[in-house]
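Listed after this line are the structures, all set down as structure tokens.
Across the two complexes that follow, chain A remains constant while its partner is chain B and subsequently chain C.
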Partner chain A sequence: MGGRAGIYLCSCGNNISDNIDFDNLTSYLSSLEDVAYVKTYNLFCSEEGKNFLYNDILAEKPERIVIAACSPKEHEKTFRDIIKKAGINPYLFQMVNIREQVSWATEDKTDATEKAKAYIRAAIKRVKLHEPLEVHKINCNTDVLVIGAGPAGIETALLMARANRKVYLVEKSPCIGGKVARYEDVFPKMECASCMLEPKMDEILHNDNIELFVNSEVLDIIGYLGNFTVKIKKNATYVDKEKCMGCGACYEVCPVNVKNEYDYNLSERKAIYVPYTGALPNVPVIDKEHCIRMHPANDICKEAFEMGLITKEEYDLYRSETCDLCGKACMFEAINYEDKDEIIEKSAGGIVIATGFELFDPSQIKELGYGKIPEIYTSLEFERVLSQTGPTSGKLLMKNGKEPESVAIIHCIGSRNKKYQEYCSGICCLYALKFTKLIKKHSPSTFVCHIYTDWCVPGKDNQEFLNLVISECNPEIIRTSLPLNILISQKGSKICLKYNDLTGDNKEINIDMVVLCPAIKSSEKNKMLSLMTGVSIDKDGFFAESHTKLAPVSSNIEGICIAGCAQGPKDIQGSIAQGAASAGQLLSILVPGRELELEPIIAVIDENSCSGCMTCVGLCPYKAITFDKIKKVSCVNPALCKGCGTCVAACPSGSAKSMHFTTPQIFAEIEEVLK
Partner chain B sequence: MCTGRIEPEFIIKAFKSGADGVLILGCHPGDCHYKEGNYKALRRFHLLRKVLIQFGIEEERLKLDWVSASEADKFVNVVNEMVETVKKLGPLKKESFVA
Partner chain C sequence: MPKPKVAFYWCASCGGCEEAVVDLAEDILKVVEAVEFVLWPVAMDFKIKDIESINDGEIAVSFINGAIRTSEQEHIAKLLRRKSQLIVAFGSCAHLGGTPGLANFTDRKKIFDWVYLKAPSVINPEGTIPLQKTTTIHGELTLPEFYNSVFTVDQFIETDYYLPGCAPPPDLIIKAIEAILYRNLPEKGTVLAPDKALCDSCNRRDSKPEKSVIKEIKRVHEVLIDPEKCFLDQGIICLGPATRDGCGQRCINANMPCRGCFGPTSRVQDQGAKFLSALASIIDINNEEEIKKIIDSIADPAGIFYYYALPASMLRRRI
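Then we have the complex of A and B:
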């Protein structure tokens, strides 16, 4: 197999030639039987160097090429492109790193020269076994699926739609805007959150390129970059959004009252409801768990009557399937009790995961008394207390209807603590300051104290905001050490906080209302989505970016980006920036009319020798291997395979082969380098 | 290419071709560029060490460690330690493979 190789040695300024004896190396290499010629040049990566290489390959027509120079990370692609241009398959080439791995690492010149000989010899043996590989091209779909309609998802959807891409925006709740749409004001400029988001949300509802699925979830995702198939479950809402005018007549008459989860159970809603005033789209949904007409108990009741277990009178008394108050109240015939869950299949070329976050549950820390003492709130609950659309219509009131005389804000709940979340959520200090400002706005005489350990307020405007709030509102600042050591108990009508200050002294303070700032946590549902898509999650359960610095919104799966708090705790501007970055990433890959190139360095399975044991199927981290039930063999999907070679190493029959990293190629390299 | 591609045969081939020690370096667990290949490498490494001992090859001659691209100092230390270990053990006895 293979033929003789043309060898090119780069002296790299003097980076390489200073510490490797090029004359000795050249004469040694020239004496090897698999070598056609050896040529030296200073800087093959320069324009002159590239021209020399191109013209020389044209003239010499070598069967194989070895270039000994810098790291392949630096110039393998440069040289592959030149070789391809010169009419030779770019995979019939091997690059040897004699700079970082030899001249820079080995001090003695004689040793370095011998080491370079061994490395190049190994490459010559290896390149002989190389096979020409072709880059295959596939058509791609340029539509995009966005999961989650919070600030990040909204941003991606809008940018993609403006670029004329079809966007499927899937949101699990009945409304868009995420948690932010339920805040009153946002830091550091104290803007009204809903006013800020509304124009964007409105554009989402009216852009023809965006198909919005609220009350929906993604059931399954299969495929790969450019060719994903997505199953979306659209839960029945029982309200026709085309007919509904959003007048609210339906929920005014609904006889059912349940806790409103969108106000964190601080208020009640009806069984037909919009989550909060101003929620968009302004279309109510029927919660079939609580609607007495939809309730499964109706069926049981009917069955019991038919079996003669209850009398007609009892049946009429218990059954409620006839309740159609909302249907009657609607002047537009928008209520459709026959609405059914639908499963919709869509194709998309790219996906953005923007599923947001959850809060750490403070009841996990018993000493805090959260869940037992009524006037202890989490930050998200407190956002609703402050919000004009919230349970108190924006008045700062306790559950007894009185204004609190004092509020304590406790930082770092479950954050910066190895037992819970080791990281700093990065936004809590800032919203705690915002709360201070809002409390003082509502009730200037209310005493506010912060129990904190460090102020984490990086970024522009934020330190200024801290200084402003401290000087304007003059809150009491109590510094404690980490981990927090606070015991909270009810003491009459007050809440008693016992804590250690920085000197270790026991202190006590009595307060009306406590606001906890819990860590931002990943959603439990991330695990399911990770299994479905193959996108990795990190140790904290957030979706993992493919590179912390260089690829902060890319995932390990090509064509799937991650944005907002699904990737890690961040503020609104950070989420929107990631949403925009994800749109940019996908726009640059999914170009109408452009075909996608498939990397040829992948695994292939020889179906003649595959025994169908399926070892590889379970091992593949990219779900790239499927089992062909008819042929009883495993098959690699070339668009999904990343060429890691895990299946190849595990294949008991040797049927899996790593292109460009075959066992004979690696054996040849090992053998020669050790000779 | 990933540590997950490393077949036990590669290691045996290296010892057979004259290596006195083999060092496998991969991405840190949880930080694998190819998601989880390093975990597979770890499993195979433990199994292979057991086999090597039966061939009379000291287990210290095969080492697996995790070094990321940004850990130059760690890389240097791990390599130097390995060189020291192998120097102390001396050349691999060829008879190891005869049995």
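Then we have the complex of A and C:
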């Protein structure tokens, strides 16, 4: 085990020496067996201090080094670099925090001096057991996988592509732009959403560095920063995008009508369809669940006929495997009924998760009547009602085709409430104001009321927007303590809203149309993606940032960033800012030609002593541990391990070891402190 | 050349370790042929003075089984240390404290109160309890001191090797004796058994899924145990992952989970704490109420986790 240590005491411009007796400390430490020498300096972190330290280490050539100064968070790296430059392995060094933990924390000077002695003694014992560690380097791939082609994902993809990085952009739906592309206008400047996004979406489609996978999903991700391998499932669309001109002849002839989920079932589409007018890329897809040619029921039908369960006439009536109306209608031979799902493997150095959000389902609160009363809409449904590409072609109409005379907008549905979502989604008040403006634009005489608790409109321009809408549109503002407690029922042709106002009085109002503002929720699919990538999700199911303030787009997995509503509820500019931040993060880590340094303070599992009990395998938050089925031992991937020590603590046979934090090192330290 | 002298001694033990020696069957004859027994209270009549009269260091090896609980046991252990070239702590009790070591969860007073006064089978109207010195009309009678704690052998004397197990299996005993006779010994302080955990040789290991998670803990009498499946995966506490290999899976083959008699591997200091940490890691519950429920479902947790190794653990005893 290692030799004697050179001790350096920093007085930190009297910050430390004022409250610790340095003479006493020096003479005590000098008397210890494992100490080679003790030296004091004022401010080792100054240029002079650094030079002194460097030259002194060169001259003394200590076997081990202990520096007692400020917090290691402040200068451990500074000192490691100097020690390395002076030719000593920087891990044969231990830093003791005698400023924050001793001088500033312990009032009495004698107590503080004794405490400093104990801490430094512990470091001397510990550093004796230190092993020299080496930083290893690996090559990295600079391509990027972006999951989700909403505003955040689009932003990342464009910025990365402009920096000449290859981008694989995977989107589960047939078109890009996310939910925003289906809005009419956006707050606070009432810009046209699709016009705003279109240049960006166009660039996505035409940038050679971007490979777009629509109608696709990520099946598996393995690997680590700089070296991810990704499996993408490209679902068959049955339309060749190279041949298709987007003329629409195919869906005009399709005999199948189904509810259009992209209009939240407020309209119908065909089995071959583009989700909405103007959707990009403008290439239809065949929905094989509903296409009568593709439908698996054809096989059942055939079987039933062969078994004699149905007659020939019935069989001919039901079976439709021969339907090729769209194929015939296409003048460009773009329809390919033989298209198959494909699994494509790609390599990427970094990943951005930008999978967006879902809405809280208001039918969970029965009193609201959503799902039963036809004229109650969620905000996303209402966006479609208002949109020119939506079910009413932008006319504000009820399901009976009439214009509503009155609309109530109810805030905070499932938000700011412990039973559902405790957080405020942050955007509902603003889009509710936008709705007011759009309703009034359609029909200035329509009565609009807001039922709300608090206005939440932080940020640039937003208060001004609120003031403007209220003064211009003059909506009725009804404040209640809990919008969730509203009782909604159908009363003849009207909808009756019963609520308590702030004084507790029972009130009632009759309305034609109700718009609910449900909370923005995390997607259920986040769990799967979390399992696949190891990226943690928070208590609300959103992907967790690695630090709320300091690292809002980094995840716990190095090389995987999170952006947009996948990370938490936010507005469009917030999503785009995070998309851009994610691109910036990855651009700064993944530089062509640069190697990645691997942190040497990681866990190792000794394959000669591991019993293969697999306790550790499921625990690693970084997916760094795999089980070698041939050797029957667990292995740590050094590129993935972050040295958190979870496996080390759990390993029941002591075969997992945390480098630089070994059990003997920690016990030596504890024993000395307690002596 | 005279035969090497060998001593067997028992301290706080059940006699099972003595049985283990007899269990060597015909191999014991080879041992008897090769060595001279100078002390073996269970089989032959020796007196302490016989040992005292031997020269220091004359005994080649003393096998001490049982934990140390009385002053007499301490005295003889120290005497044997002086007389012997090698001391082997034989069996779980000598090695780790063993099941007698569970007494460290209580203390001398409570033990005496129960055993001599309060246990339902006791009739002791005068409330007599053992004393170190008792004066009778025939003179003074003495008893060894009954210590407040149970100790491992190496907590009193320097111990060269350890033969683990309750009791040590014949193959390990034979191997150890051969190694001593032929001076083919590993580093001092070694436990003479493999240094991996029991899972390594467990034939149920392959039945365990990679990410095993427990939602419920069951006791062996509460379920029909699948003889092919990993116990932990069935929710039955098995100390195998935290226990040294080498027992030949005697319990596992009898469809009973490991209780940890071989003690921890060389890399672990506290077997109970280590197992607890591992078990907590594979329990798949995150809310406090459920956590409390599953903890409460472990009957006698301290007793289960420290079945054999409380005196050797960092805790050593209840304070």
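What we mean here is this: the second predicted complex is superposed on the first by the 662 of 675 C-alpha atoms of A that agree within 3 Å, B and C clash if a C-alpha of one lies under 4 Å from a C-alpha of the other, contacts with A are read in each partner's own complex, and residues count from 1 in each chain.
Definition applied: a contact is a pair of C-beta atoms (placed from the backbone, for glycine too) under 8 Å apart; a residue touches a chain by one contact, two chains touch by 3 or more.
Note that the structure is a prediction, hence the values are computed from the model and not measured.
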Exercise for the section: Scan A:K632 for contacts with chain B and chain C and give back first, second, both or neither. Expected result: second
Problem - First (chain B), second (chain C), both or neither touched by A:D538 - result: first
Exercise for the section: Figure out whether A:A649 sits in contact with chain B (first) or chain C (second), or with both, or with neither. Expected result: both
Exercise for the section: Examine A:V617 and indicate which partner it touches, taking first as chain B and second as chain C; both and neither are also allowed. Expected result: second
Exercise for the section: Mind working out whether A:S609 is in touch with chain B, chain C, both or neither, as first, second, both or neither? Expected result: second
Handout entry: Touched partner set for A:I670, first chain B, second chain C, both or neither
Key = first
Exercise for the section: Could you give the residue numbers on chain A that contact chain B in one complex and chain C in the other? Expected result: 619, 646, 649-650, 663, 667
Exercise for the section: Sort out for me which residues of chain A touch chain B in the complex. Expected result: 536, 538-539, 556, 619, 621-622, 642-646, 648-650, 658, 661, 663, 666-667, 670-671, 674-675
Exercise for the section: Sort out for me which residues of chain A touch chain C in the complex. Expected result: 609-619, 627, 632, 646, 649-655, 663, 667
Exercise for the section: Name, in rising order, each residue of chain C that touches chain A in their complex. Expected result: 195-200, 205, 208-213, 240-242, 245, 264-269, 274-275, 277-278, 280-282
Fill in the blank from the handout: Residue positions on chain B within touch of chain A in the complex are 1-2, 4-7, 9-10, 13-14, 17-19, 30, 34-37, 40, 44
